[in-house]
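Report on the following structure.
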Amino acid sequence: MLPLAVLLQTAPQHGPPPSNAVAQSAIAELRSPYCPGLMLEVCPSPQAELLRDSIRDLAAAGETKDEIVAWMLDRHGEEWRAIPRRSGVGLWAWIVPPLALLGAGAWLARRGSRLRRTAPPPVTPGEISPADQARLDAELRELERIG
Amino acid sequence: MTGIGEVALWIALLVSAWGMAMAFVGGRVDRGDLVLAGERSILAVFGLLVVSSGAIIAAFLGNEYRYNYVAGYSNRELSVFYKVTGLWAGQTGSLVFWALLLALFSSLVVLQNRQRNREFMPYVAGTLLGVLLFFLVVIVAASNPFKLLDFTPLDGRGLNPQLQNYWMTIHPPTLYLGFTAFTIPFAFAVSALLSGRLDTRWITTTRRWTLLAWFFLTNGIIFGMMWAYVELGWGGWWFWDPVENASVLPWLTGTAFLHSVMIQEKRGMLKMWNVLLILGTFLLSIFATFLTRSGLIESVHSFAQNLTIAWIFLGFLSFLILLSAGLVWWRRDRLQSDNQLESFVSREAAFIGNNLLFIGAMFAILWGTMFPLISEGITGQKISVGPPFFDRVNVPIGLLLLALLGIGPVIAWRKATARNLRRNLAVPVGVSLTVGAILWVTGVRHVYALLTFALGAFVLATIVTEFWKGTRARARIEGENAALALVHMVQRNRRRYGGYIVHVGLVVGFMGFAGKAFYVERQAAIRPGESIEVRSPFGHGYRLTYQDMSAYPATNMTKLIASVRVERDGVRVGTLTAEKRSYRQREEVASEVGIRRAWNEDLYLILAGIDNPNGVLDGTNRQPLATFRVLVNPLVPWIWAGGFIMAVGTLIALWSTSEPGRRGPPAQARQPAASRPRRPELVEA
Amino acid sequence: MTLFVLSVLLAGVSTLWVVHPIFARKLALLADVERADVLDAESRKSVALSSLREIEYDREAGKLDETDYRALHGQLAAEAMQAIRASDYVHTPGDEGRHACGFRNPPGSRFCGGCGTRLA
């Protein structure tokens, strides 16, 4: 916990300014037209930096993330959208994983409670004889000895 | 002379086919000689693959560019080190290397089990030889490293500069060690299904193999992250690239398996689930190899597209799925639980929840990775699924896992009472809320980051309490002093306490991931003497002053090196260099970043561009304008620290106590004859 | 030429090595040196005893309260004693043909009358 405590003393004073955050989230949703296969966020090309700059300017001018993304896709083409839309075919990408998780969870819960209802009542064993108890103790000591 | 390597591959192919047949037939008709022939075949295949791999390395060292493979991945100027590691630099060689590792592990299994697990061994040997046979067929049919060129070039094309890195030489072998080691528990599971011995023996006897496989896979993934971080020069360590995802899929199912086998060992439950998990883990590791080599999905990692290989892998994968499903269906009666879940508030239920989350994450990643293909197949429209998708889907699952990580250890097996649970969780929850509150007060508003730190503190608090209470209990029960009690406690339960240490590593790593929420970035084009300033999220400021640019012609490349003076809050703390390298042979340009590491953050410097680089080389451009990208990456060192802690924890668990049934003579063997056991019937009467 | 000789040598040695057991009637073991029932009994015993030890620690650490502890302890102690008897029994020489738990089942039984395990 000590490192955490030290971290806390120097923890972030301010979050990033809002327009910067908007720009960042817009950039994160776009692929780079200048580096094949790379996200705009990490593309090292100078053109990509110009594009990132324009996006920052738009964000500073008060545009929302969705407006900026739409602006970029208008200019360069729909294929640079990095994550599926929340409508049409793209919606399936978003809803299937959580639905699968919820479905599996519900199935497990039902199965578990059915099993529990049909489970036999736990055996209530009688007292253990002193001889057995002594033997158990000896075996436990043996287990302890050999690890 | 290196041609012997190809001959060895063909002999290995025939021997593995022969051995597989002998082992399965020998196991079926109880013929010890046939089984021995099968087991010897494994050792023979290993020997032959050593010859073959040796020949590949010799071809690299001897600059034999008549081989397509050597010419494609080496040249005369390449250092000896990278010539040796050329064995796994490209697709064809890496498949031979893969088969070599599998044969090595298979041979160790044969030697380990000459006296024990004999009922399993015929089918284990047969299964292992079957997998080896598959890889050898792929190698000779579609990916032969000894393929000759029509002519002998004077020099090779050289190794891709991005692969000329320490982490890149160690990352693939570690990953392959993990994938191949998972073949061993898989083979035992298949053998258990075939022979019908479906008690816990196949699990306990392969426990160390499973842990070893997990150890290598975990480290392989982390080494890959380190490589991406220092070599790709994008400032990140994980990009949700299809091939990265593919390596994580078997890791997730393997981790689920490590946890769920404990329920079977303790309570005789989840037998079918465990079989399915290990079959799935192996299938996913084959799937990962397929994805890497088929070129089916756009990825920065892909080896060149090879459709023959893609089809062979797809065929093998389908065959394996059908075979696994058939075997499990056939043996479904013997895979019933011995016991029932007694309560939803129990360690069993927590483990089941853990499995649900791991499989949920696996499914989400698999779904996102395949979605572009699926959407294209169905609608004809290719939809990209980029990193933000995976972050959004997996971060909530990760946070739930963190929460469960803290609750799991304090719940008792079978049935826990709510009152006890409340009492045991009071302190950790208090710690967690305090940490969250302090972070809130200091201005952290990022929800996921806040939750990660609060839950992380929660987990650490439960683990510390676990160690403390366990030590105290032991000190009281055994009458030992605290230090001795701690050591003995860990020694007697290595898997449990080693596991807790792995959890600590995971939490530290997660906190490192959360640091990404606070990264800061600046990019600017400046001339020597000018500076860039960035402010760290921890509050201090950095000023980076561009000093000069120098040119170094080396044997196979030209380096342009910018040196930058770094001041922290006005105090000079050092110099960073960032390079652009242009490789003559391959006409490629690569960047080398400069990283200043502190315990809590990295200052990461990228030389993004140079104006008129030729002028720098011939001395006419004395004040070159350079574009720098500066990043402050908070908590990145914690990711590596977390990985290291996880490795230590796994080693502790791996250094396991012996298997049950191999503890030497039973207690009563040392007892006097008078106390010999009575017959149980008499006890019952 | 050397390549040819080497290839033949490699093929010959490999073939001899993997075919030899069949001609020489060299056998691999088909069953463990230690009897399967002994191994099973030993592993059941060690699991039962470890569980018993674990609840001891769980009570001491405050994870189990007294009532739960008593109930679990009785149950686990009974299981452990059964496992110990089975283990003792398989170690007693001269009693072949019994189930691992020690119970002598009538021929053709589908389940063991002593411990309820399904019989092969």
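Going by the order they are written in, the chains are A, B and C; count residues from 1 in each one.
Methods note: contacts are C-beta pairs under 8 Å (C-beta built on N, C-alpha and C of every residue); 3 or more make two chains touch, one makes a residue touch a chain.
Keep in mind that what you see is a predicted model, and the values were worked out from it rather than measured.
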item	value
From chain B, the most remote chain by mean C-alpha position	C
Chain pair with the higher count of C-beta pairs in contact (A-B, A-C)	A-B
For chain B paired with chain C, centre-to-centre distance based on mean C-alpha positions, whole Å	32
Chain A and chain C: spacing of chain centres that average the CA atoms, whole Å	42
Rounded Å distance, chain A centre to chain B centre (Cα mean)	19
Multi-chain contact sites of chain A, meaning residues that touch two or more partners	122, 139, 144
Residues of chain C engaged with two or more neighbouring chains	45-46
Sequence positions of chain B contacting 2 or more other chains	663
Chain B partner contacts - residues on chain A that touch it in the complex	1, 3-4, 7-8, 10-16, 28-29, 31, 37-39, 42, 44, 46, 49, 52, 79, 81-84, 89-90, 92-94, 96-98, 100-101, 104-105, 108-109, 112-113, 115-116, 118-120, 122, 138-139, 142, 144, 146-147
Parts of chain B lying in touch with chain C, wherever the complex brings them together	1, 3-4, 7-8, 11, 15, 18-19, 22, 26, 30, 32-37, 39-41, 43-44, 47-48, 51, 114-119, 121-122, 196, 199-201, 204, 265-266, 334, 410-417, 419-420, 423-424, 469-470, 472-474, 476-477, 659-661, 663, 666, 668-669, 676-677, 679-681, 683-684
Chain A - residues contacting chain C, complex	122-125, 127-128, 132-133, 135-136, 139-140, 143-144
Of all residues in chain B, those that touch chain A in their complex	232-236, 239, 298-300, 340-344, 349, 352, 356-357, 359-360, 363-364, 367-368, 371, 375, 378-379, 381-389, 393, 397, 431, 435, 438-439, 442-446, 453, 457, 460-461, 464, 478, 491-492, 518, 520, 523, 537-539, 591, 599-600, 606, 608-609, 627, 629, 657, 663-664, 667
Touch list for chain C against partner chain A, complex	45-46, 49-50, 52-53, 71, 74-75, 77-78, 80-81, 84
